[in-house]
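Please find one structure pasted underneath; my questions will follow.
Chain IDs A, B and C follow the sequence of writing; residue 1 opens each chain.
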Amino acid sequence: MNFRRAESTDERLALEIKGVSKQYGRFPALKDVSLQAKDKEFLALLGPSGSGKTTLLRVLAGLEEPDAGEVRFGGEDFLALPVRLRKVGMVFQHYALFRHMTVAQNIAFGLTVRRRSEKPSKSEIGDRVADLLSLVQLEGLEKRFPSQLSGGQRQRVALARALAIEPKMLLLDEPFGALDAQVRRELRRWLRELHDKAGVTTVFVTHDQEEALDLADRVAILKDGQLIQLGTPNEVYEHPATPFVFDFLGAACRMPGVVDGSRLLVADWESEAPKGAPQGPVDVFFRPDEVAFAPLDGAGLAAEVRGVTQRGPDVRIDCLIEGQTVELQAHGPTLPPGVATGLPVRIKPLRPQVYAAG
Amino acid sequence: MIDAVAPGASRPLFRIVLPGIAPLMLLASAAAMAGLILLPLGVVFQEALAKGLMPYLAALKETDAIAAVKLTLLVAAISVPLNAVFGVAAAWTITKFEFRGKSVLLTLIDLPFSISPVVSGLVWVLLFGAQGIFGTWLIDHDVKIIFATPGLVLATILVTFPFVARELIPLMQEQGSDEEAAALTLGASGFTTFWRVTLPNIKWALLYGVLLCNARAMGEFGAVSVVSGHIRGLTNTLPLHVEVLYNDYDSVGAFAAASILAGLGIITLVLKTVLEWRHSGELSASRKH
Amino acid sequence: MTDFVASPPVIRPGGTVRPRPRRWKEHSILPGFGLSLGVTLIYLGLIVLLPLGVLAMRPWEIGLDGIVRTLTDARVAAALKITFGISFLAALTNGPLGLLIAWTLTRYEFPGRRIMDALVDLPFALPTAVAGIALTTLYAPTGPLGALAAKIGIKTAYSPLGIFIALVFIGLPFVVRSIQPVLQDLDRGVEEAAQTLGATDLQRIAYVVIPALGPAILSGISLAFARAVGEYGSVIFIAGNMPMKTEIAPLLIVIKLEQYDYAGAAAIGVAMVAISFGALIGMNILQMALARRGRT
């Protein structure tokens, strides 16, 4: 493992994907996808199922050959290399552990299959396995078989096995997909720490936006085989490039509106249009928890409260705005003043996003 | 094969990774299949028709041959239904109830599979043969079992004993007994439950088992050869008839009779394959491919 | 048939419920247990257990001496050796051969694949006597394949090799059908994982695929072996049946019966059952040891 952390290398491009396309029969899985990852970056490929994110990951691993495009890693043409020479550590969705091998044998596999001249000695392999076992906190389980482990433990064995070959890049396919919510959250934090410690460029695939936003340095959002947006979690969450991204990254409320010059009109509410908003009829999106309840004579969308549901620390407020029912979220143990079932209120979206109507 | 849903799962990995090996493997498999399976099958018909169609048909019309066919059908007609009834009863006992000694019972049901057909014939001779346990009694009362049809039936039953049960047990185990329990809570009687719920669920597997059982029953050679006595026209089933003619150097006659049996084998294969394709969901897991 | 009814808890006059004695049958709401178990046991008893019991008893009338003498008789010993030896070799050969065919059938898409798949079961479906005379005609010195082999100085039919060919024929479907479903269900991810970890194609197959198939291959081999040991119809035609050389144990049983040596025939029968059971148990233990590691 490389613990070197020179400042300059962090900005160096590690992975370059250029114009990658892939078709299955008549179904286009990837359409002209280009993106880059910096050295030691933690990149998430986020998208709904069928968006091509797993295909892209498999192209990086060499398990799929793209029909067109280029993949370079550290300047080297990756597509020219067969899978086994790419030295990518891949963690499969269902781990793909070798069920007839012990935990230790699984982790050591990548070392034992090396050519004789490159194969470490038995004791070196043993040491390395021990190091990795302690890294993934599975000391003492080396003699177990995969069937004798919990899901979280299997996941960590798969990770250790991938790290054993000192991969140039770590690829994770829905690494937490098969785990329950509790284990998921724990492993997520741990994986991020592990990444920082190991300092390997990591690409992981997920359909869980919370996971991607929480974990990654940058998030690439895919839909129907196309890259829709690439940016830091903050960038993509605060400035979703399309209504799809807005919708995919969290709960969304949508209203029709009009932009006229620098003014944004939604029903009877007029406000300043966000920078760069298109002119003319638009769709206005806002998050149901990013609203303020304005005084009845103030500025805001006229609404009527239809129901109030307390859910732990949160309150769900069902409102009728312009004939459509919208679920708003408020936090805190007490309701905003003036909110009760049957009462009229005014609602002011705090950070509306505006997209050309479509 | 159904196209896999996930992109990439159905990708032919090996066409890319092992370009040189695939045709080699295919060739080797084809050669092995041809030498071991296809050629023998072809030889049967070639030899049967070696002297033309007329001698072939004449051999089939011969009285001993017709008697052999009739005897073969009779033996199968008795032993297959008996084994089918047993198979259903055994599968019902084993899959719908929990009791001690179940695995012993399972092993015993499989036992005839691991016994030589010759031994399966031998045991009946030991029981009913001239020097068998009941030998003298049978001679005194002028009852013939060995060297007669009852012996052939008994030997055939023993050899084909597990076929139906073996097909039903894994399937019924997969299916569990929730549906039967539901029928009972809805007021169905035990018999109605079996007839209207269980039987429809297992009918294809039952047919499959009966098919295999029948193929073996009609084609059985070792076991019946021990109890038959090879009396032409009387105790020769079709496979035994083949042997007798072959040993008499009547090649056309032997292969003509063999061609009927080979035809039976082919029909069995076709029906079996159709069942596997059409009703794979209603056969036990090991039959789904 | 009172045994078939679950015993209700016994309530003592004092009113305390005595713990129920462990029943041999769990309670079930489904009916018909007594009937179906009865039918099963009676049929099993009459068709399988009684005859086999008689088989096990019969040799003792010639005493232990007689049994030993029968089995150590040079001709019988040779027949047993031939039967088990060639069956073992044929079953072992079926391992790689079955793997090859199963692999071809599951991993490649080619015209005629389904027909080939169906034909694998022909040895199940073709009556053994037919297979016997067909293989003999094919591999006899005058037959097409036999003549070919004779040219390079190999005698196929009427030799141990002939027995071997017949037994490979008989055992092939057992191995193919054991491996096929496992190979089909084998997680592709596991193989891909091996590739990403740097395994070559050979390493992937040797370390990942074959070990995963191990239990299935072994179980196929042991099924093929069990079938081969008892095989009669397809062998006697091609074997040539020369005492000490190509005479198989089942044939000796038939010969002893024709000589009205029931005890001798039964002794050979029992020996065959015993040896093949021993071999099967051995293989089962090996198989369980292999499978234990792979259970999920």
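Heads up, the rule we're going with is that a contact is a pair of C-beta atoms (placed from the backbone, for glycine too) under 8 Å apart; a residue touches a chain by one contact, two chains touch by 3 or more.
Every value quoted in this text rests on a predicted model; they were computed, and no experiment measured them.
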From the Cα centroids, identify the chain that ends up most central relative to all protein Cα atoms. C
Winner on C-beta contact pairs when B-C is weighed against A-C: B-C
In whole angstrom, the CA-centroid distance of subunit A from subunit B equals 57
What's the distance between the Cα centroids of subunit B and subunit C, rounded to whole Å? 15
Using mean C-alpha positions as chain centres, tell me how far subunit A is from subunit C in Å, no decimals. 53
Quick check on subunit A: which residues sit in contact with 2+ other chains? 63
Residues of subunit C that touch two or more other chains: which are they? 192, 195
Two or more other chains in contact with one residue: find those residues in subunit B. none
Residue numbers of subunit B touching subunit C in their complex, please. 9, 12-15, 17-18, 21-22, 25-26, 28-30, 32-33, 35-41, 43-44, 47, 82, 85-86, 89-90, 92-93, 96-101, 105, 108-109, 111-119, 122-127, 129-133, 154, 157-158, 161, 177, 180-181, 184, 190, 193-194, 212, 215, 218-222, 225-226, 238-240, 242-243, 246, 254-255, 258, 261-262, 264-266, 268-270, 272-273, 285-286, 288-289
Which bits of subunit A are touching subunit C when the two form their complex? 61-63, 83-90, 92-101, 109-110, 113-114, 145-147, 158, 161-162, 164-165, 171
The subunit C residues in contact with subunit A across the complex are 187, 189-190, 192-200, 203, 207-208, 211-212, 214, 290, 293-296
For subunit C, which residues count as touching subunit B in their complex? 24-26, 28-33, 35-37, 39-40, 43-44, 47-52, 54-55, 58, 97, 100-101, 103-105, 107-110, 114, 116-135, 137-138, 143-145, 165, 168-169, 172, 177, 180-181, 184, 188, 191-192, 195, 201, 226, 229-233, 237, 249-251, 253-254, 257, 260, 262, 265-266, 269, 272-273, 276-277, 280
